[in-house]
Every structure is written in C-alpha cells, then in structure tokens.
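Next up is a structure, given as structure tokens.
Going in written order, the chains are labelled A, B and C, and every chain counts its residues from 1.
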Amino acid sequence: RIMQLERQLQLHSQLDSVGMVDYALWSAGAYVITALTSATYAAQPSWGWWPLSSARPALQWKPPELALSPEVHLGYCWAMLSSSGTLGVALPRTIIPRAVTIDHVAKPLLFQVESAPRDVEVWIIPEHLDNTSMGAQRDAIITASGADLLDHPGLFQPHRFRATTFVRLINFTYDVHGSNAVQSFAVPGEVNEFNLKTNTVLFKFLTNWGNKEYTCLYRVRVHGDNTQE
Amino acid sequence: RIMQLERQLQLHSQLDSVGMVDYALWSAGAYVITALTSATYAAQPSWGWWPLSSARPALQWKPPELALSPEVHLGYCWAMLSSSGTLGVALPRTIIPRAVTIDHVAKPLLFQVESAPRDVEVWIIPEHLDNTSMGAQRDAIITASGADLLDHPGLFQPHRFRATTFVRLINFTYDVHGSNAVQSFAVPGEVNEFNLKTNTVLFKFLTNWGNKEYTCLYRVRVHGDNTQE
Amino acid sequence: RIMQLERQLQLHSQLDSVGMVDYALWSAGAYVITALTSATYAAQPSWGWWPLSSARPALQWKPPELALSPEVHLGYCWAMLSSSGTLGVALPRTIIPRAVTIDHVAKPLLFQVESAPRDVEVWIIPEHLDNTSMGAQRDAIITASGADLLDHPGLFQPHRFRATTFVRLINFTYDVHGSNAVQSFAVPGEVNEFNLKTNTVLFKFLTNWGNKEYTCLYRVRVHGDNTQE
C-alpha cells in the first residue's frame, strides 16, 4: 500500500504534473520569436528612505525565455509589459497541436493575483492551409493576419509577420482562483479535426486579473502529436 | 480515489511544502543585506596526490543569495563562515511576520549533519516601535542594537546598523535529526500580538551541529501578512 | 489520513526519489574528469526556410556537468557524441560504492526514446587492490586498463589514465520503456564483498536505444558508504 503510494508519488513528479510532452520547453529546443513577442516590463526603482521604505522594485527584469522554462517559483516569471500582449514560440518540431497548459504560482503562495493572465487565445502559423479543398467545415477555422494580431508595431517595423496568416487554435480563461494552478486546455473538436501542423505558436494574452502595468507568465506549454517520429 | 491522490500530489508540489507565501525569495524581490551578513566560507584546496587523494575541496564558493533560492540539493547552499553568524534579508514588501521556515537537505541524503544550523534567533527592524504607549506587555518585546547583534565589526566599519534597534521575533532550534527537513516556526503569541511591521529580517545563527569551519544554509523563508494589498 | 499522506508527500520530494546520498552531485563537490569523458555532440544548425522549416537544431550544446546535476527536464542533458562513450566522475569523498542510479526524462514526456542509454558498465579506480592476498574470490574481480576502456585516444594523447587499472563494479541495462524513469542498480554481491574504496568512477555507455549521433545523459548518481565520517 505504501509502496503503491510511493510509486504514484514517483511517477507524479516524473510526469511534470500533466504527463504530456511539452514542445515549448526552451531546454528541448523551443525559443522565443522576438518579432511575435511583447516588450518586457522593467520596474522603475524608487528607493525612498531605505531600508525601511517599501518602495523597492518588486520585480527584476527577466527575459521571455523564462516562460518556456519549468521553474515556477514566485517572481521567476516573464513580466510582459501591460495587461495584454503576445508571446511567440518556435517549436523544435513540427507537431499537430492538441492542447496547451498555463502554469502559475499557486494562489496561496502569491503576493497578488492581479498579474496572472486571464483571457487567452492561442494562434498558430499552419504549415499548409488549403483554402479551396476544405468545404463546409472550413467555417470552423478562424484566421487573422499578423497585422491584426500584433499590437506593438512600432518596435519591429517593417514587421516580418505582417502578412502571415494565423489560425486560432483555442481561446480560454486561466482561473487564478482555481484549485489547481496548472491548467490545461484542449484544442476544440472542430479545429482538432483539421490536424493542422505547425512549428510556430502565438499566445495572445487579452486580459489579466487587474494589474495594469504587467502580466506575469510563469510557464506556457504546448502539447501535441510529433509528426517527425 | 487515484484522482483524489493525484490531486493531493499536484497541490503538494505546487504549495512548495509549507503552503505559505515566502517573502524572503530572491526571485520575488528579496535580497541579501551585505552589512548584516557574515562572511562566506572559502575552501582551501589542497590537491595532494590527485586523483586518488581524497583531499579535494568539498565546497565551491557560493553567494549568500543561495539561501534565498528554492533549490536544496546537496551542496547547493550558502556556506556561512564559522559555526555562528548572521544573514540579513531585505523583503520586497512590508509585512507583519508570522513565521519562518528553515530548509535543509534531508538527513538520509547528507554527507554530514555537522554543518546544519542548530540554535537560531530571528530579529527584525520594526517600522514603528513606540516605546511609551505599549504599557505592560511591552516587557514581552526584547530589543537589541545592531552593535550587540553583529559580531563581524571589522568588515563594515563604520557600521550602518550599529545604532539601529532590532526586535527579537523568535528563537528556536533546527533539528537536523527530525523526520521532516523543512521546519517552520511560528512567532510566539506575546510578540505576535504587537503586529510588528517590517521589511528587514536578521537571521542570527547561534550554533550548528558541530562543524567549526562553516554552517550550510540551504534556504530560509519568511511568512506573514502582506500590508500592501 | 490526509496528514499521513501529506507527510509521505513531503518526505518523497525531500528524498530525491531514491533516498540515498548522491556522491556524484556536482553541487556537492563532484566533477567531470575530462580525460575520461567522451566528446560532446554539437548540433549542426541548418536553418532552411525559417520559420516554417522544421530543420532547426533540436539540441543546444551543453557541458557534461549537466549529467551531475539534478534537473531532468526535456533537453536538459549532456548529449554525448555517438551511441557509445564514457563519462568520468571524481567524487568529493572516498567511498565504498554500493549502487548507482540513472535518471532520464519519463517516457511519456520524451520526443524520442532512441537517445536514452541502454547497456552500461560502471568501472572504478580502486584505492588499493592487493593482487596477492585475495585468494580464490579474486576471480570475481574484472579489471581493465585505461587503454582498454577509453576509445577516444586521439583527443588526449598521451593519455594520463592509459596504464591505470580499473575494476568493473556493475553492468546493467537501462530500460527506457520501464515504468519508472529513475532506475537504481546495486553492486553485485561478489564485488560488493571486497568493500573497494574509490573516488573515481567511470560510466561506460556501451549502447543506446537507436540514436546513432548522440546519447542523452540526464543524470548519473553514485551511492555508497562514506569512509571519511
């Protein structure tokens, strides 16, 4: 009985909570596509009457690659500038995406819930998207251009992905008050049926839980079928 | 049943063992106050008849910030010089401290227990400490000056905290032979009632378990009520 | 009941899966002996039609020290060149080795199983090996010279360990399809009886599960009795 429990325990930590390959892991070869990614929040230090002042920068600058790494300790996140924005991820393989996962620090360990992401859309650049042959179900596919999706045009003009066609994979709400801080979301059936292949995923964070300055992204994961086995 | 277990498992690792916010996490904005912190032990390498000699340095030099980071793998600690000393931590928020936690590598994984901390005091610099208005209970509060608490005056003369008043929050013994290597200690009631606010915590390590050269500090945590929500 | 479970959970993560001291941990003072260690695989980037091409390097270059560190997230491994080779580890203490452990990413989280190690031998340089006094049991001891064991002579000529006598501790098969990705192997009784002391361990990876270019080594551990307590 104890042995069985021990076994469960062992498998649990080995399976990294969700038990699915994460194609967005930086250490596995994924990387951040700068041209698809929002600016990083940089705290303004205002030191005041140190050491008793509480006006210290709460957040050191950290790169967006942190959102592709497994650590989720408090503050060990990418602080995306403002309450909305994007994170573009190049996967190390071409896959058929089936689900994504958002990790955040569990609520009892958080200073504030406001900086967690809330409404999220996930878009991909599909490898092939034949406009003529799909027939009626084609309506299930929502597309947009890079120009529509990316709202930080100033930084990277002329924008390489301006005319690129993206397909929306999922939209969902991350519930920071949920009992499980690691939340997975499956690609809905009507999109899933297309078996779209991709190696480029765009997370579009529409809202957060109230912080107007930045949004903390601890970890995003992309799951799916490996097309190169 | 398995699902319930799975759930417990998930929450457990998400809750970082103790399920309380850690205001001393470096990644969350806390940092080491050098003027309140002892020197770091630096091993003297004496290579002898390499590679069969056993006279190798067992410990690489590592900064005190390691004691504010979550990893507790063997050797991944701050080696404080000698068997006693101090670690000063600036918190990212002003809080009312309620408890502290000491993490150490579990005994079955240790080479030697001697370098673990033993008798510990925790002091704070309170935000306000009104000497006149407290009446009788005021006796419950033990104070000391920086000059009394810091025993490495040579390094940082003239000492910035020499005349600062510290209040003792807790004293306790870390039991390296205990069955749980992560040990939390609550602020005792008579001090707790004062609801003292602080953003500066001083860990004073009085003794260790026998190592005369250094004391290994894997992780210290500070828990409490956030006064800035 | 829940408390008991919670307790099991706590101890489990504290015990690092196997509950034995790991004398091969880099953070505890172990290090890689370059002269006993194979070359590292370096991926050839061939960028192709980025970003939709799948011809990206799946593996960044990482040093062999990664195989002595506790992280086992996908890709966070030492990629040893080719399907066979060696890893030499200097231990921080002289011990009597009793077992070794191989860690790998759990199968459900892997892109490919082919790069996992398969047939492995573990050799040591014994502190003393008296050839005359052992009598009959001496047959249980298999020895070899560095020249026999190391198959990358070109790199480090003239080889420092060419004439050194190694003793074989164990040979085993790592099962990448096993239900537990953390697999420990005890030193067999006939060798164990000799209580051989060592501070130098050579992992000789004979085969892997099919990848001809490289072998991923996530973590090796060495367990035993500390002779310096």
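To be clear about the criterion, a contact is a pair of C-beta atoms (placed from the backbone, for glycine too) under 8 Å apart; a residue touches a chain by one contact, two chains touch by 3 or more.
Just so it is clear, the model here is predicted, and its values are computed rather than measured.
Chemist: Could you say what rotation angle superposes subunit A on its sequence twin subunit C, using C-alpha positions and rounding to the nearest 5°?
Modeler: Answer in degrees: 120, to the nearest 5.
Chemist: Counting shared numbers against all numbers at the contact of subunit B and subunit C, is it over half, same, or under half, different?
Modeler: Subunit B vs subunit C: different; shared/all numbers falls short of half.
Chemist: Taking each chain's centre as the mean position of its Cα atoms, how many Å separate subunit B from subunit C?
Modeler: Between these chains, centre-to-centre, one finds 35 Å.
Chemist: Would you give the residues of subunit B that are in contact with at least 2 other chains, written as numbers and ranges?
Modeler: 5, 9, 13
Chemist: In the complex formed with subunit B, which residues of subunit C make contact?
Modeler: Listed in rising order, the residues of subunit C that touch subunit B are 2, 5-7, 9-11, 13-16, 19-22, 25, 27-29, 33, 69-70, 90, 92-94, 125, 127, 199-200, 226, 228-229.
Chemist: Provide the residue numbers of subunit C that touch subunit A in the complex, in ascending order.
Modeler: Going through subunit C, the ones touching subunit A are 5, 8-9, 12-13, 17, 51-54, 56-60, 73-76, 106, 108-112, 179-182.
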